[in-house]
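Listed below are the structures to be examined.
You will see subunit A twice below: alongside subunit B first, and alongside subunit C after that.
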Partner chain A sequence: MATTQEILEALADYQVQCNNNKRLRKMQRDWTKLLHFFAEDTGGSFSMEVVKGEIISFKSGAEGTPDVVVTANSEDLCDMFWGDLNPNSKYLAGEIRVKASQEDIMRIDAISMIIWPDA
Partner chain B sequence: MGTDLAEMKKEALKDFSDFINPMKVRTMRTVGLDIIEDRRSGASVWDITGQKFIDCQTGSGIMNVGRRNPEIVEALKGALDNYDMGVFLLCSKQKADLAKRLAEITPGDLKCTVFGVGGGEANDAAIKIARGYTMKTGIVYAEKAYHGHTGFALSAIGRAAYKEPFEPLIPGFTMVPFGDADALEEAVTDDTAAVILEPIQGEGGIHIPGDEYLPAVRKICDANECLLILDEIQTGFGRTGKMFACEHWGVVPDIMTVAKSLGGGIYPISATVFKEEIQDFFIPHPFIHLSTFGGSDLGCVVGLASIDYILANNLPAHAEAMGNRFRAGFERLLNDYPELLLDVRQKGLMMGLQYTNESIGPRMTKKMADRNIIAIYTGNDPSICRLMPPLVITPQEVDEVLNALEDSMKELSGEAGLGRND
Partner chain C sequence: MTELKKVLKLRTVVSTSSGMAIATSCYLAGIQIATIVEGELAWISILVAGLFCLLSSMCFSELTSLYPTAAGIKLFIQNAFNEKTAIIIGMFYVLLGISMVGAESYLLSSVLADSIRITTLFYDRLFWMIIFILLVAFINFRGIFVTGVVQDILTYSMIAFLIGISIFALSRNGIHIHPALSSAKFTLGNVLNAAGVGVFLFVGYEWVTPLAEETTDYRLIGKGMLYAIGILSITYSLFIVAMSTGLTHEQLASGSPIPHIIFGRNLLGGVGVVLFIIMSVLASVTSFNSGLLNTSRFSYAMGRDNVLPRIFSKLHPTYATPWVAIVFLGAFAITVSLLTLVTGQYMFLILMAAALECFIYVIMAVCVVRLRKKYPERERSFRIPFGNLIPVITMIVFFGLMIGLFADVTRDYTGNILFHNYWVAVVMGGFFLFTTAYTFIIVPRLKKKAAARARARARRRPARAKSGTEKTASR
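Here is the complex of A and B:
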């Protein structure tokens, strides 16, 4: 089980990885979304705001109307943000659930492909 | 699996990723369909490693006569002994023969043809002809519609994600809900050149309109002196149990577009077929719409062979019979797995499984791939699996697909994330 603090640390690293990747920033420059993440085992929730491909903020708590909702256990969320877990296999097992358009799911997967190409 | 073949597959996938489309490889790998197509026959395709799959996707309906049908292959080989593609500015017997045959098999008084290479091009031509002939500009199209990725056709797609990166698109296009004749009537104006519809929406998720819809649309078009374009690119050539889907409702369009299975899975060709009076537009403008490779002589020979095969083997009736066999299995699945399967929409072998939520489409795709069946969710809506196997599929192969569906659903029903709200 991952704590809220651990997930926030993972999110901070994810933000740095995404925002420092010029190729990714250019690729996602038309992507502005609000994402919510729910840790179903701890009841924790998190928000991430992406504006023109840049993660401009993240925080504990889910406010606003999200474009993307990801639900998983806290450990999987943490591993996903650290790049230690390929979310696709968990998604196909129903252990990570995503409510989003096909296009937004592809965008999220594209982030993983660019920042962790060997995962 | 031989090491050499496994290495060859790995290299082919890497090259595809490096030189064509990395995200496509990643996505197909995720759902277990990172297949390198090798041998093909009937309803089946073999991965380069020798693994056999029943193909229920078939490029959304390009393989009605089966994969690498020997009679179509022979027709093309024969054509290659004598012809090349032909020169588009010249006339040829092959083009004339296929156009005449299309006039014979299409419903009502559809008669004249403009050839193209692909479906989008056929729809581009249809919309251009409608505007040119009527001297009006408006085009009414449907939500969730799919007509191709080229200029005019793209403007008539009912899915924003395909269009937004390329805006501004061609002006004058109005979107209405599919299946709602009142909404369509409201959208049609004095300046409407045409209404363009698929008789049954394919990419949109196998949406079948009510029986009153297409006849009502026909009346609305007649009353407003605008043309009705029916896109039979996925539904045509026997797919739905009749040669063309519009025949289920006795509706004859002014323009019909066909492609996909016209090429027999062997050679790309499309056609925009229209009523004789519309030919008047081309009389003062005989060279206003040209296609270098459209209606190549080789493609026309293949098109004729494909039509002959479909008719000689009565594939529409076979599609109806195999569709009924599928339906009996679907009824059992609907009864046994209500937490997974909400609905089945079907005409002949144009079939859509409506799952309870959007994650189930990709998950079922993976489980079916694990059972050697290619059955993929639709791009418009991942909660829908579109099944469009070759029309030559055998009863035994239908049962294999149904068994794989049942096994997959049984396995999935023990996992998390099912039901409508997940």
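Here is the complex of A and C:
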């Protein structure tokens, strides 16, 4: 199980990778969303705010009404933020669950695909 | 359950489910039903088909409540059987589903070519066909979405129009049930065969299941499908009877691909033609647009999962749409459309789609039974009542309808044989063999290459201080 601290560290790296990727920023330039992540094995929750493709903040705890809710086990969440797993494969296997519009679901996967195409 | 900022309402679930089923090709399928039984009695077969589809929708509802995800059918089959079976059937479903565009674009192009003559009928059809597919591909390429409100307005307008015009036509033309009841065509066998074709009228209603992730209560999807099938049953029953009784014997015998336009002309003159052209364009564009949207996203996901070549997972740098998948499926749709244009066998594709739906409904019913056995305790917000009775009835009914379709022959209104339906089974068998061979030969190679790439890539996540808690990342 990944701890809250480990997931927050992973999120910090994820923020840097996303915000520094010009291609991703261009693609997501109209994407402004509030995302919640739930680690079902630890009960941990996290919020991430994206404004025009830029991750402007993230924190522990689910605050506000989200546009996107991602639920997975803590290890998968941590690996996903570090770019060590293909979220699409986990999603197709039903191990990562998402509540959002079809468009937003694809955009979340697109982030990982663009930053880490070989994951 | 966590609330989302935007959630789908039941109204939109119903309009999406019914909107996906309403297409220009439905008018032709309706005339085929009226040809098998008498036009005045077509409603019986349509209601029977609707009733059968209600059974299958219950299976979809239970499966969606178990796995409320856009990965839908693939995930149901993967968990009930295994990944290879899911890939074979998933690709089979997508390839044949997109083939339906051949019939739809041919019929829409016939509607437009009949009304706006530029050169010859053949070239006009070719022109409109390509314009139609390119337009829908462009909409998908640019990532333009039909919002819930627009979907509601379009679908409910189409339904209101069809019901209104049917009541008007029936009140004007009357309906003569008694002679039809004594017709030699009115037999149980014909009613059931026509119901097999009638399944086509509901094709696509289940494509609403991927929207489960946009609702707060998964049961809305099941409820929405039930309402949609009910609304479609009533709408089609009224309209097919009104249309078939509103055409002359000569018009029915002509085998025209645009019976609804002729019906509109008979009923309201030029205004009727214009109204039905608008209806056709709306029905075709909305149903094909949703079809291409779903199948291109499916292809993208397969590309990301290394089941299709990686190029399928390419996204447009500005619009974030899976443009390679859209271009490939658009090109495939144009190829099938050209074949339909040259052969004129649009009924072949309509029957293939009906048989494909029957096949998928059988598979879904099997999935319900297998998943109940594998995961009896897993939470389901909806469970079909009476144990396995309804899934088993669904399997028997749709397997029977599929076999009945394959064993039949397709005739025109005057009774001439157009083709033997076993050819539909042969073509479908060919597609199935192709997806099976692909899954067993190509997919393992793609997976092997992906695994090698993943191994070559260094793990980014820092190792923990305590080695005992370290876990290898899933790739």
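Methods note: the second predicted complex is superposed on the first by the 119 of 119 C-alpha atoms of A that agree within 3 Å, B and C clash if a C-alpha of one lies under 4 Å from a C-alpha of the other, contacts with A are read in each partner's own complex, and residues count from 1 in each chain.
Rule of thumb we're sticking to: contacts are C-beta pairs under 8 Å (C-beta built on N, C-alpha and C of every residue); 3 or more make two chains touch, one makes a residue touch a chain.
Given the structure is predicted, the values throughout are model-derived calculations rather than measurements.
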| message | With the two structures overlaid on subunit A, would subunit B and subunit C clash, or do they fit side by side? | response | clash
| request: For A:H36, select first, second, both or neither according to whether it touches subunit B, subunit C, the two together, or no partner. | output: second
| message | Output check: A:R107 vs subunit B and subunit C. Expected answer is one of first, second, both, neither. What do you get? | response | second
| request: Please tell me which partner, subunit B or subunit C, touches more residues of subunit A. | output: C
| message | Applying the document's definition of touch, where does A:N88 land relative to subunit B and subunit C: first, second, both, or neither? | response | both
| request: In the overlay, answer first, second, both or neither for which of subunit B and subunit C A:C78 touches. | output: second
| note | Superposing both complexes on chain A puts subunit C into subunit B at one of 147-155, 183-191 or 453-461, namely 147-155
| said: Let me check the overlay on chain A: which residues of subunit A are in contact with subunit B and also with subunit C? | reply: 88, 91-94, 97-99, 101-103, 106, 109-110, 113
| message | For the complex, give me every residue of subunit A touching subunit C. | response | 1, 9-10, 13, 23, 26-28, 34, 36, 38, 62, 65-69, 75-76, 78-79, 82-86, 88-94, 97-103, 105-107, 109-110, 113-114, 116, 118-119
| note | The answer for subunit A against subunit B in the complex is residues 30, 88, 91-95, 97-99, 101-103, 106, 109-110, 113
| note | Interface with subunit A, subunit C side, in the complex: residues 2-6, 67-71, 74-75, 78-79, 143, 145, 210-211, 213-214, 293, 297, 300-301, 304-305, 313, 315-318, 320, 322, 453-454, 456-457, 459-462, 469, 471, 473-475
| Touching subunit A in the complex: which residues of subunit B? | 22-23, 26-27, 30-31, 161, 165, 358-359, 362-363, 366, 379-380, 382, 412, 415-418, 422
